[in-house]
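I'd like to ask some things about the structure below.
As written, the chain order gives the labels A, B and C, with residue 1 at the start of each chain.
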Amino acid sequence: MRVSAIGCTALLLLAVAACGGRDSGGGTTGTAASGQCQGQQTTGITDTSIKLGGIYPLSGPASAYGDIPKGIKAYFDYVNAEKGGIKGRKVEFVVRDDGYQPPKAVEEARRLVEQEQVFALFQTLGTPSTTATWDYTNQQKVPQVFVATGASQWGTDTAHPWTIGWQPNYISEARVYAQYLKTEKPEAKVAVLYQNDDFGKDLLGGFTQAIEGTQIKVVAEQSYEVSDPSVDPQMRNLAESKADVLLNITTPKFGSQALAADAKNTSWNPLHIVNNVAASITVLKPVGFENVQGVVSSSYYKDPNDPTWANDPEMMLYRQKMQQYAPGADPNIPYHTFGWAVASSFHKAMEAATCMTREGLRDAVRNLKGVKVDMLLPGVTLDTSQSDGFPIESMQLMQFKGERWELFGEVIDTRKEFGPLTG
Amino acid sequence: MAGFLQQVVEGLGAGAIYASLALALVLIYQFTGIVNFAQGELAMFSTYIAWQCVAAGLPFWLALVLTLVVSFAGGMLIERVIIRPVEGAPELTLVIVTVGLFIFVNAAAGWIWTFLIKDFPNPFPGGVLEAGGIHVSISTLGVLGVVAVVMGLLYLLFRYTKIGLGMRAVATNPSSARLVGIRVGWMLALGWGLAATVGAVSGVLVAPVLFLEPNMMGGVLIYAFAAATLGGFDSPLGAVVGGLIVGVAETLAGAYIGVIGSDLKVGVPLVIIVVVLLLRPQGLFGRAVVERA
Amino acid sequence: MSETDSAQVKRAPAPPAAPRRPAPAGPLAGRWRWVAIALLLAAACYAPFQLVPFHVFQLTMVLVYAVALLGLNLLVGHAGQISLGHGAFFAVGAYTTAILLDHWDGMPYPVTLPLAAGVAFLLGLAFGVPAMRLRGLYLALVTLAMAIFLAPLLKRFEELTGGSMGLTLAKPAPPAWSGLAPDQWLYFLTLVVAVAAFLLAHSLLRSRVGRALHALRDNEIAAEVMGVRLSSYKTLAFAWSAMFAGAAGCVYTWVIGFVSPDSFTVNLSITMLAGLVVGGLGTLFGPLLGALFVMFVPSISQDINDAAPGVIFGLLIIAVMYVAPTGLAGLAERLIKKIPRKE
């Protein structure tokens, strides 16, 4: 009996092996490029189609981010149906689940590149999954564009020209807050609550770097793990410091907890700065709007929950098309907006590309000049160059008043204020 | 000194949360002899039901009653449908089934209600009491109060009712219990139903503090395990005292022991579990079991 | 015949954790078994020349998980102890390798295998000492807590472990004489380790040790009365099992070239245990089948339900426990047994 079990497995393996054919994976599905683009890779792109692959956590504890591809899909469906696709090419977007586990991300990246034969990886989510896959994509010369993580290494690294980020990196965001404190509270004593991972460390590191040489001091730091049930104990410890500014570097649930803990503690009333990741109205509302008045944050895209944009044409288009092409999805979820904006950025980049090839995309995303994208704040544009791998580096400060964020001051371009970010 | 006492109060607040889930764990262990890894997720799911009722316009207390009833029925249903086929199977099979249930319930909640934080009403008034420079929020006191009441009810159930007697018989020796005419299957279903109800109370209590989303209970579970181990898996009083001790120990260790800091304080429940199991495996309030080969 | 068999099995008192090993096959089976294993091995050697690199990579990962599950099988399947924290030993092996390769330039990567396995062995030994006093669910809780504690611990020693950013390493390159592509080379490295691990586990179980472990699993108290030195064997079972997991972790680092705390969450431990139980506890091929489950079922779940793969994954775990309480290996056996009866 055991014999047959082994035999069956062996036969199965042989059968699989026989029908695969190792060389069959190398063929290209695209049409050959001509003219100045001759000899460049056209896998996954034809005159009528583009195939893209994305890797997101659809299962496991980080599945909240699984909403991003829904916004992306809605955008591409809209462009395919109403605009004839991108330069006449209909976009097919294949989404795979990695459960926020790096080895799974590697597997899915290989699946998308070798089996699905995608033109490019359009977003991998999270620093660990992106770090695990970028050696592979760069060896294969597959563009890995607009990765959904704000780590600074996507822009500062020079060994991986095929990989590029999109959102403002965490260091730039930290600089924005440092800049604000320099003018508003030049002698601020800052208490920091941060998530103990690459995101929290990057933002905190960027902040301490940006306040070097000023009178601003970090007087207390507390970290938490994503597996912690609550950040209340950390908030209690920070309150002991009597700092006059609280920098809240958290993800949504912990952001709500920290805001609530701050509101509850009537004997400590610091200026509360909450980072962009946790600045959505959906984070503030459960805490109660009356408890979060005066909280400061910064942003680069329009929050669909913010009444400021209720009559904004871009917002109205977004809401209408989301309803039409992603009927089950709630357009108020900011992750959908994020997906919409990043898909729109991809659209713009492809339109700007001189060659409709992988090389063309790689070069196009590193040659964006003042590109305006739907759903980004007015004044925030995509700008890159060969030496600048950060598409968005501008943010605007905002303060919570009444039931919405009120933008104030100018859009801060961190490149101008602090010089380019280098590794 | 006030700072220290304030930390203790914070610890008690956290401990009350752990205790509430530990009560459900203890309950199901008493009835069925298994540790239910999905208990926290069931509590989270119940909380969503309550949220859904409130969102549909029901008054909070009515929604709560409805949730408790639905949870009780749901718990029994799970036992009948999911656990029944593997009844009497080795411990490990049951562990794996509850782990599968954990993954299923968590994903299902995310699927139905998304992973956005829900706005859950706090049954207790806001506001803070102050005495001698120490602040205690009314909601923390409320949670402690409810936990104490649930504990008392469970104690009465275990000790003075026929159900409690039958339950203990089933957990100790199912086949003998069957012989003396106890309907073992129904006792097990009852255990699941009651545990789900206590879990629902726990979920509703903690949701205003931890904020409702599908992973709300994931982090609490290990602390609740530590609480139940410390207090003894067969004692409701132990679960509550254990929960409070774990909460205070964790908070103080995070605040005052530099090496531990706030990043390593999740090691505190680990240390508690190991030390308790090595020194007093039955827990503070549990009774030692003499093994019969 | 099989009806009465299964009825008897049902009536027999359930062992604490695992089903008994299946009865040995008929007299001919012994010889055929080696033929079949040789066939399987031949197929395994032939496959990478036929498959696209993506599938070769998948098979490589299956082998990596299989090695880890072999270790877990020793502990859970043969010694009857539950571990919900085996991902931690896997991580220790992976990190040992990564740190060695990262901090010493020119460290030959084959050297990292015995070192990683050794470190995991010692850790397992250290952990086995308190664990020997625990049993069943309590052991499950302790190991679970250990798996949860690992991630913050790895982040604490940032100098060594790279903190939350992890460590990125070069993958072993194929030597020129082999003429192999990188993915094929990694595959064969993994295959060699897997076969060695398989043989080691096999001979371990055939020895005195194996019998002692089975006695431990089937009736701990009786085993002690009969003179099995309970504590030392339990501790050793932990250590060996950790050693296999450590070796698997080492190969994992070679293949993936990147370690970070997020790679080894408590989910990994739980998935590993679920995979093993689904594959078949205490069976020869359980670890391999379990590894296939760990590797392929998540993506199958996504193909079935794009919106919430976890729903399907959870249901599949429960479903397998109903259909095949003795795991897929047991199920295959039962099915094969039935075939000749129909003829």
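One rule holds for everything that comes next: a contact is a pair of C-beta atoms (placed from the backbone, for glycine too) under 8 Å apart; a residue touches a chain by one contact, two chains touch by 3 or more.
Since we're looking at a predicted model, the values are computed, not measured.
Novice: Based on which chains touch which, is the overall arrangement a line, ring, star, complete graph, or other?
Specialist: complete
Novice: So which chain is the furthest away from chain C, centre to centre on CA atoms?
Specialist: Greatest centre separation from chain C goes to chain A.
Novice: Can you compute the centre-to-centre distance for chain A and chain C, using the mean CA position of each chain? Integer Å is fine.
Specialist: Between these chains, centre-to-centre, one finds 35 Å.
Novice: Distance-wise, how many Å sit between the C-alpha centres of chain B and chain C, to the nearest whole number?
Specialist: 32
Novice: Show the residues in chain C shared as contacts by 2 or more other chains, in ascending order.
Specialist: Chain C, residues with two or more chain partners: 148, 152, 155, 307-310, 313.
Novice: Do you know which chain A residues sit against two or more other chains?
Specialist: Within chain A, the residues that touch at least two other chains are 59, 61, 63, 196, 225, 227.
Novice: In chain B, what residues contact two or more other chains?
Specialist: Answer for chain B, listing residues that touch two or more other chains: 107, 110, 263, 266.
Novice: Looking at the complex, which residues from chain C come into contact with chain A?
Specialist: On the chain C side, the touching residues are 22, 25, 29, 32-33, 35-37, 39-40, 42-44, 46-47, 49-55, 57-58, 61, 148, 151-152, 155, 163-166, 168, 252, 256-258, 260-263, 265-268, 284-285, 288, 298-299, 301-302, 306-310, 313, 329, 332-333, 336-337.
Novice: Sort out for me which residues of chain B touch chain C in the complex.
Specialist: Interface residues on chain B, with respect to chain C: 34-35, 82, 85-86, 88-93, 95-97, 99-108, 110-111, 222, 225-226, 229, 263-264, 266-267, 269-270, 273-274, 277-278, 281, 291, 293.
Novice: What does chain A use to touch chain B in their complex?
Specialist: So the residues of chain A touching chain B come out as 59, 61, 63-64, 66-67, 196, 222-225, 227-230, 232-234, 236-237, 240, 252-253, 256-257, 260, 264-267, 282-283, 285-286, 330, 333.
Novice: Which residues of chain A touch chain C in their complex?
Specialist: Touch list, chain A to chain C: 1-11, 13-14, 16-18, 20-22, 24-25, 58-61, 63, 95-97, 99-104, 106-108, 110-111, 113-115, 126-128, 131-132, 135, 196-198, 201, 225, 227.
Novice: Which positions of chain B touch chain A when the two form their complex?
Specialist: Those in contact with chain A are residues 3, 6-7, 10-11, 13-14, 17, 107, 110, 114-120, 126, 128, 135, 137, 209-216, 218-220, 223, 250-251, 254-255, 261-263, 265-266.
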